[in-house]
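What follows is one structure encoded as structure tokens, with my remarks underneath.
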């Protein structure tokens, strides 16, 4: 297994060098050499015009396809209310399950979770529900152990969960216990029918490169997905399914962490992830006080207030308003970006919005490449004008 | 130009630059406006071991010499001359201990200076004694328990912020040139207080205050060096510190030059960036020539001192005079290149011009230093080997 | 307190540009840096050491040049550093990486706290922290924004969640990942820089760690990259033209038409 350069065919043209996302190719004495760390992704093979690159993959025995069956979605809830991402993932999960011709199950942990039937409305054939006061708040050890137990008992082939702070805390632990593969923050999930493999696509290098990943031999194939990446929709057929209640048996599990208190961040008037309209500000605002101009626009439109990273870093606005790679992913009907340059890290958090309006005085700003409508101009002139015209 | 700094010197210079750019740059305008002493920056300098640069290893220092000190001062001045002088004045304040202190005195005070825990200051100037240092009136009279100091010092850098003061006072006025001694006075000693903080044209982040001594008793062991050696020690100490002052001027001029070039490249008039006009180009070229010449002179003198040259009064004076005159010219021209914008407080360049003026005045006015240089010229008939 | 900080050398991707002619990454002049989130982890470790006493060890799994970031860690206050490097480790996904790091941590004397940054800027997964905790069999908290207290074998921390923050208590030893909000990393000190140049950094190979070859590197990875491509950025719409006022008027009308507002 590995990568080899056919030295007879290699002419040292160097076309492959820039294609390697990890920078591992170099020309030594007029032939290409590969440095340590190659992941056999094959980007160089595609770039080579002389067929001089040979990649032989691991000869893994393909998994017997019926040992694991089913697509599972871990449906997150907080304070008894199911989160939007749960329904978004069920919609996607339904698609995947239909392609694989298998069942879709939701797994839900909590206490007095309201409207659990909604999970069936959104496509789940089964809902594994564990309802206990001990699960009213997120408890890492309980969640981890119970999910592992269920997976080991029912053997799903795919498990997906929201890439929320909760999801990103305990899903990797589940994957580690099961010694299986987990792909974080996927923006694309498809099934390769020939191999029945889940093709998991995600951004790396801050969003500059997309990678498609598989988990070939281990099961289940696990992935987390950010909220608002997939859209939720109620499937045409369906709405029939069963809720299976599972016992907690928490005496058998040691809970090591204890939640002492929760402090809510009250500065968000309209919740960012659920807003239909977001007005967002970036470095172009110049100083903290200038967010007031955007607050006025937001008030006129009934919008939530967002921010790119620099204003948050400089303390102009709290982190809960940050949109982007290390902030929130949003997908509103309308996103208005003011004084935001459109660095990849920010675009990753908002580019799937239905309509994007960009206001920036730099015509070469990257934000214009994803904007539906762009105005090249001084935001301090444009925004007040817009407020005035919308008021009429 | 390549100055062939060794590895430790390069490390010092690059770390000082990082501190200047990451910690000083964001606050320099605000400190200039509020005239507040930059304690957080002093802490950053201390945490990065910058105060250890001029202290020998045996006293918790890193054992650097004059050039190392100049490198730090230069990098800090490039961003803010006021913050740089607060750092540099602590070094000057420690020189009497370094050069003339006893083992006990060094062990008692130098480690705290090296760790940045306590700042130092040197106090010579008085209302009646600026260039004419011999006209000081502060007295230190010998009593049973030690020396009692009476008098007032004026315009002392780090006054009120430092905890360790090296004070020049008359112990035997009738002895003239051998009539003064140097005393280490600590901030909380009874009889020692401060006057108001001065409001200055420039280097506003630096604190300048009067020191007031009213029957301030200092123990005998706080005399630094021998009684009567005060004026001689002072002259030598100032020689030693002059390259550092030159470095402050070089750094300041460098910062102004960079700002001017940056502005000239992007300011469009008559359809072109103004840097494409020869008038501006020649101004910038002259500025660059002078900055480089000043830097070369300062480094050369620093290296001379570090190589244990015995006499360097003339060279040290030259470094300070030339560099400070360059800084005044360069910062003034830089404001000119910025045009109207250069006059506005929103731009950093007018502060640099205000900062530059004092360097021609303190640590020996450029006039008095020219006297000293001429004196040496006469002595050796301007001949060199 | 014995503290281990896991750091990674990554390309400075924030400066990455794409050559739009060839649609390839311009890698010239991109220097390697310490993963920025790891500097916060290291700073927190050093602060805990300064407050409670103890030792900070920095470890990194990577190619030989990863030694640079370990030396930087020493300059920033780590007492020791260890590099895990072996061609067998190359191509590891987060599972294999966590296994390798866990083997190394087990080899050290008992550790009270293991700190990681919240994610790397090249992989962006944030998975090594929790997977490492599970392999070590210790509890885990992510997105720690403040360590309130460490006392009597227990730690109380603040964890950032979407809606605000939670206060959590848990027993040591434990693994945590930290966010930028937790501190402002210090600059190196001159003595630290001098030490970082002279200190010996041991390199532990697969053999020294006694790893199972099937659990490390490409062999030990459960996931594999099969394809890599550059995201297409398609210009979706129009840049409005004309006088500024008429542009804004046009925009307002278009927005009203969409009936969103």
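By written order: A, B and C. Residues from 1 in each chain.
What we mean here is this: a contact is a pair of C-beta atoms (placed from the backbone, for glycine too) under 8 Å apart; a residue touches a chain by one contact, two chains touch by 3 or more.
Quick caveat: nothing in here was measured; it's all calculated off a predicted structure.
Trainee: Show me the overlap between the contact partners of subunit A and those of subunit C.
Mentor: none
Trainee: Which two chains meet at the most C-beta pairs?
Mentor: Most contacting pair of chains: A-C.
Trainee: Farthest chain from subunit B, comparing Cα centres?
Mentor: A
Trainee: Any idea which chain sits dead centre by C-alpha averages?
Mentor: C
Trainee: Go ahead and note the Å separation of the Cα centroids belonging to subunit A and subunit C.
Mentor: It comes to 18 Å between the two C-alpha centres.
Trainee: On a C-alpha centroid basis, what's the spacing between subunit B and subunit C, in Å?
Mentor: Computed from C-alpha means, the inter-chain centre distance equals 43 Å.
Trainee: Need the CA-centroid distance for the pair subunit A / subunit B, whole Å please.
Mentor: 56
Trainee: Two or more other chains touching the same residue: where does that happen in subunit C?
Mentor: Within subunit C, no residue contacts more than one other chain.
Trainee: Two-or-more-chain contact residues of subunit A, please, as numbers and ranges.
Mentor: Nothing qualifies.
Trainee: Tell me, which residues of subunit B touch at least two other chains?
Mentor: none
Trainee: Under the definition above, what is the set of subunit B residues touching subunit C in their complex?
Mentor: For this pair, the touching residues of subunit B are 7-8, 11-12, 15, 18-19, 22-23, 44, 47-50, 52-53, 62.
Trainee: Which residues of subunit C touch subunit A in their complex?
Mentor: Subunit C reaches subunit A through residues 11, 13-14, 16, 18-19, 22, 24-27, 30, 63, 87, 90-91, 93-95, 98, 118-119, 121-127, 129-131, 133-135, 139-143, 156, 159-171, 180-181, 218-219, 221-231, 233-240, 244-245, 247-249, 251-252, 254-256, 258, 260-261.
Trainee: Okay, in this complex, where on subunit C does subunit B touch?
Mentor: Touch residues, subunit C against subunit B: 186-194, 197.
Trainee: Can you list the residues on subunit A that touch subunit C in the complex?
Mentor: Counting only subunit A, the residues touching subunit C are 1, 18-19, 21, 23, 35-43, 57-58, 78, 140-141, 144, 164-166, 168-173, 175-177, 179-185, 199-200, 202-218, 256-266, 273, 276-277, 301-302, 313, 319-320, 325-326, 328, 333-334, 355-357, 363, 366, 368-377, 381-382, 385-386, 389-390.
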